[in-house]
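What follows is a pair of complexes built around chain A, which joins chain B in one and chain C in the other.
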Partner chain A sequence: MQQKIMRLIRSKEAVLLLITIVIFVAFTINNDNFRRMGNLQGIMQTMSVTGVMTVGMALLFIGGGIDLSMTFVALFSGVICATMIAMGIPWPLAILITLVLGACLGAINAFFITKVNVMSFIMTIALSQMLQGVNLIITNAQDIAVTVEGFRWGARMLWIFPIPFVIMTLLIVGFGLILTKTRFGRSIYMVGGNEYAARLAGINPKKVRAILYIIAGTLSSLAGVMFTSRMASAAPAAAADWQMNAVTAAILGGVAFGGGSGSMIGCLIGIAMLNIFNFGLTSIGLATQWITMASGALLLIALTMDFLNERSRKKSLGLITTKKKLKLQKGV
Partner chain B sequence: MSNQTLSPDTVQKQKFSLLSLLMRKRTLMMLLLFFVILVIFAVLSEGRSLDPRNLMNILNMMAVSAFLTQGVALLMISGKLDLSTGANGTLCGMFLAFVLREGVPLFPAILLALCVGVLFGLVNAALVNELNMAPFIATLATSLIGTGFVIMIAQNRIIPIRDTTMHWFGSHMLLGFRNFPGVPVSALLAFLLMTIIGILLHMTKFGRQIYLVGGNPQASMLCGINPKKMSYILFIICGLFSSAAGITLVARLQSANMQGLVAQRFQGITAAVLGGIILGGGSGGMLGAFVGLLVLNTFSNGMTVMGIGPGWHHVASGGLLVFALSLEFLQKKQAEKTVA
Partner chain C sequence: MGDILEFKNICKSYPGVRALQDVSFSAKSGNVLALLGENGAGKSTLLRILSGDVSPNSGKITINGEEQIYSAPNDAIKMGISVISQERQLVPSLTVMENIFPGAQPKTKLGTIDKKKLRSESNAIIDKFAMPIDPDDLVGRLSVAHQQMVEIMKAYRRNSRIIAFDEPTAPLTESEINVLFGLIDQLKAEGKIIIYVSHRLAEIFQVTDEIVVLKDGLLVSQLTTSQTNENELIKAMIGRDLGDTYANLKRNDQIGDVILEVKDLNTNKLKDVSFTIRKGEVLGFAGLIGAGRTEVARAVFGADMISSGEIHFDGKKVTFKEPKDAIKAGIALCPEDRKDQGLLLFRTIRENVTMPILSRIKSGLFLNKKLERELTEEAVRQYTIRTPSINKITRELSGGNQQKVILGRWTNSRNSTKLLILDEPTKGIDVGTKAEIYQLVCDLAKSGLAVIFISSELTEVINVADRIIVMQNGQITGTVMREEATEENVLSLAMLV
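The block that comes next holds the complex of A and B.
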């Protein structure tokens, strides 16, 4: 039992949680705005949109992929959902159709990446460019308001928790269980860690990745619907770069950028850390340019941490022994 | 390109057909596509798109993207990538406008702006080489930081430029005859540089080393090339060219705004990929990149002439990128078929 507790304390997640708590406490002491209960709920609400995306992004990272079309898939989904509701389609059906569309967009990514061998990041960037255009065409660069009262669940509370936050938590728990307890979950780690070995073990890496892209597409779509539901309107362009936040949160949460490791709990802590940080900066009254720069810098810090982690892992496995060998590896 | 890897025998045995020729010669294919696009838009717009003033417009638009393309094409040949060119260019243009407004003379101001570009490239290179980050994610992060600086300098305002030399560089026409107004100075400079780099790429040792590093990094190291040093140099060159693109843009607009090159941030990459420069590195050339640029710009200009809205522009540019990337795949398949 004692050993187990010690291991828990020494784990990566515990360190991350400690850092998050330190950031939280620091902001709470220094700032009155930050301390209010409403603010805490605000953080929960904001984090759930990027949080749902982060789940998809983390799954892709673990499986050795990336999706940079998430922001525009989400915005597109919001626009489509709002348009359908405005046309008089009942909102649950509209959400369902939107999610299916999101899955289809994920499938388009999956097709080009796994069948046509296009590099994942450039393909997803191309798709996001196209969706950006489609959004402008559909909306004429105007926001679409949603007036149906039932659709506004995104702004409601379940006890003291906002409903989007509950959805995000359920997704994290669900995918956490899938990752650790099911065959498919474990195969994701294998595909991301060593594709060749995975193939020898009878796993089809392309199929696993394709499923991950479809999941990522659906989740981004869900994030977009949640955002639209909270705001009661859909915008063709975002104020924030959600997908970069998702990338940052996932890597901050200890998901390896190169694939093969990471957990949903780490992911949750990463999301919380990033959002508390951003919210704190806003509550101090920092201007947008500083927050944009801070999020870029935070991403670089996270990537550096990832690099150091990877190196220490390699060192412990004996893959790198001397400085000379290290140089050789870097060169290659 | 892929046919270089085949032995002469297999090439001779291969059944000669137009399609297979086009598949192997990407530049030729793109040239053909360029003419097709030109003709289609000329027909659709009833000749308006072939108006000399519109042709000049295309050249004018190409000046900026030609600068963007050269830098990123060199990097891509060496197997790396830079997604921060747009942010870098916007920042440099904004910075130039800012220091000019503060009263710095033109020449040092331009030098300062180019230095910002070099610094940007240096940071990218350091992140990629020293911390082993994947180039695309590292440059995405630095582009966020660059955008932050842009907002900081601009303070949500447009900074005007009143310098006459800048005006001359941006919109003065040279080589005009009869009713053809000529080519803008900036476009001439961009094309001249592109030609020089294209020649250097094939004629000098350094140029050929870029291909080797991109094609097979391990072999290049055994040949005594330092891939890290090479990558530093190329990232800095890319930063320099992005900076030049930003300066050209503000020279033409006579002001610097916050949008800057954001809309064009993937143009360089799209043009290079269309022109046959593979993302993994080791193949392609400047001629291909130039033809890719032609295709891209005639296409978007044709849409503007037809009065098609900005939404469709985004869709088309994304679609072209996907098309170019799929071509790469088809080309590889064709090559495999001819070998088998």
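The block that comes next holds the complex of A and C.
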């Protein structure tokens, strides 16, 4: 038991949690605004949309993939959902159809990546651009308002927690269980950790990856629906930094970009850290453009940490040989 | 004229392995010197030291008495040393002339590349060797043989004094080999020092003047080609002593029915491979690196495409599309490269052991962690894996213990393994653990498992296996029973074309 506690304290997640708390306390001491309940709820509210995407991104990272179509899958989903509701389709059904659509978009990514062997980030950028165009075509570049009162759950509270936050938390718990306790979860780590070994141990890496892209598509779609529900309108081209925030949060949360390691708890801490950081900077009166820059810098720091981490792992394995070093130097 | 290259007291060790021990010899210009030895004898390490790719722990290389110190990757080239390795060092998307002059293309006054001059200079070199190659051909479109010629011309253009060839004839056909030998003669006549590494004894007698034989990192003899013969060479290459290890093995003597029958198996690397293996039998596969042993394992395991042939397993005709299908049928593979192909290095022993059996340790939706722990502990006990905890990350284990983790993956009580394929199971493992693994193999055979034992160490394969299949160039060249097997007869099957 004592050993377990020690391991918990020493883990990557514990360190990250500590950093997050320090950031939080620092902002709280410096600024009275930050402390208010409304503000906390605001943070929870905002983090949920990128949080849901981060879950998808983190799963893909662990399995050795990436999805850069998330933002536009989300926006497209919002537009489709709002349009359907405007056409008079009952909102729960509209949401359901939208999520299925999101899964299909994920499946398109999965098909080209695993069957046609298109590189994952090229493929997802291609889809992203296509959707960007489609969005503008459908909406004529206008926002679509949703007037149905029932659909506005995204702005409501469950006790003191915003409903989107509750959804995000449930997803994190659910996928956390899948990752640690199920066969599929274990396969994700195997495929991301050593695809070759996984195949020789009877796992089908392509199938695992394909499922991950479908999950990512569905989650992006859900994020879009949540956002539309909160704002009561769907915008065809808002918030292009969603997926970058998801990348930042996942990496801040200790998910290895190269695959094979990471956890949902880390993911949650990463989301919290990024949002508290952004919110804190807002509350001390920093202009948006500066905050955007700071987020970029934060991503760079996180990536550098990930790189150093990876390098020390490889070094200790002796995977970087003289020969590889030579090749790097020669630039061959 | 009259350069002399000397290797003086070269020592190199890697963790757990002494690759070269106090190796000294010299090579004269106008001579072709052969480096000969079994897999792992230290030939490649020596070439890599010559090219500056790795540095020796001690000892030095001198040219005409002058010590050569490498500080940058280019240094070997500047010193006039070119090593033509098995991996091509060409840019396939560029033309022949651009490849002959990498980073040294003649320039015009404006600083751009002088194509005319480049073409004429390349043509001069190509004509010198009378090659049917155009300087404007893309290297990627050339045949393997012609690509090799481009490498040789590249070395020639650099005015290299020393040219080393690592298994140059491996990808070549008979007539291409003759062209290569003509080229080597030409280089020899110009007073170059040539170092020639090959497994093919016939060639060594054809082109070389002197032979250096290495064994386990030691230089065992230096001979003049015209004064020796094949038997003497083979004798010099073999003969490792592992004491009573093999005599003390408790072997299985209950050999059962045929479990696997392979008929006329063809893939892009294998030709008409047929063999059978019985329950309780340890079947060895001997041969040189690249002989096709691993490819047989991969084809049987469903990891590589089969172009024709039949596989019967456990009485049924089978076709495995994926390793998954083979595993389901009861075949297990411990791949040759533990770290790259076998283990999840950053995950725990527990997770590595249960990789293929996750579906059998589920209770409902979730994995049964208690059962997983028990199975792992069982493997740790059975194979005496030395670790403080089953939650240790596998990269922190020694090579021998890593290999045991992979063995434990396939042979615990939840597995239905009937045929176990071990590809180089003792590579990079210390002698004590090797002996343990030999006994484990015999124990597994006793429990009724059929074991395919692939190894590049001759002594090991002829002493552990009940029957030895020898391969060469993707084909089976012979089968030898243990009682009749000697290193001489196995090696001659593996080497002589």
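Methods note: the second predicted complex is superposed on the first by the 311 of 332 C-alpha atoms of A that agree within 3 Å, B and C clash if a C-alpha of one lies under 4 Å from a C-alpha of the other, contacts with A are read in each partner's own complex, and residues count from 1 in each chain.
By our rule, a residue touches a chain if its C-beta (ideal position, glycine included) is under 8 Å from a C-beta of that chain, and two chains touch if they have at least 3 such contacts.
Everything numeric in this text was worked out from a predicted model, so none of it was measured.
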Quick check for you: in the superposed arrangement, does A:G260 touch first (chain B), second (chain C), both or neither? second
Using the superposition on chain A described above, determine whether A:F307 touches chain B (first), chain C (second), both, or neither. first
With the two complexes superposed on chain A, say which partner A:L170 touches: chain B (first), chain C (second), both, or neither. neither
Once the structures are superposed on A, label A:N194 by its partner contacts, choosing first (chain B), second (chain C), both or neither. second
Look at the residues of chain A and decide whether chain B or chain C touches more of them. B
Under the stated touch criterion, which partner chain does A:L93 make contact with: chain B (first), chain C (second), both, or neither? neither
Under the stated touch criterion, which partner chain does A:Q289 make contact with: chain B (first), chain C (second), both, or neither? first
Both chain B and chain C touch chain A; at which residues? 330, 332
Touching chain A in the complex: which residues of chain C? 15, 48, 53-55, 72-73, 89, 91, 301, 303, 322-324, 327-328, 333, 335, 339-347, 351, 355-356, 358-359, 362, 365-367, 369, 395, 409
Residue numbers on chain A that touch chain B, as the complex places them: 66, 68, 112, 116-119, 121-123, 125-137, 241, 244, 247, 257, 288-297, 299-300, 303-304, 307, 310, 330-332
Looking at the complex, which residues from chain A come into contact with chain C? 177, 181-183, 186-187, 189-190, 193-194, 196-204, 260-261, 313, 316-318, 322-323, 326, 329-330, 332
Complex contacts: residues of chain B adjacent to chain A: 83, 127, 129, 131-134, 136-138, 140-145, 147-152, 217-218, 221, 227-228, 266, 269, 273, 279, 309-319, 321-322, 325-326, 328-329, 332
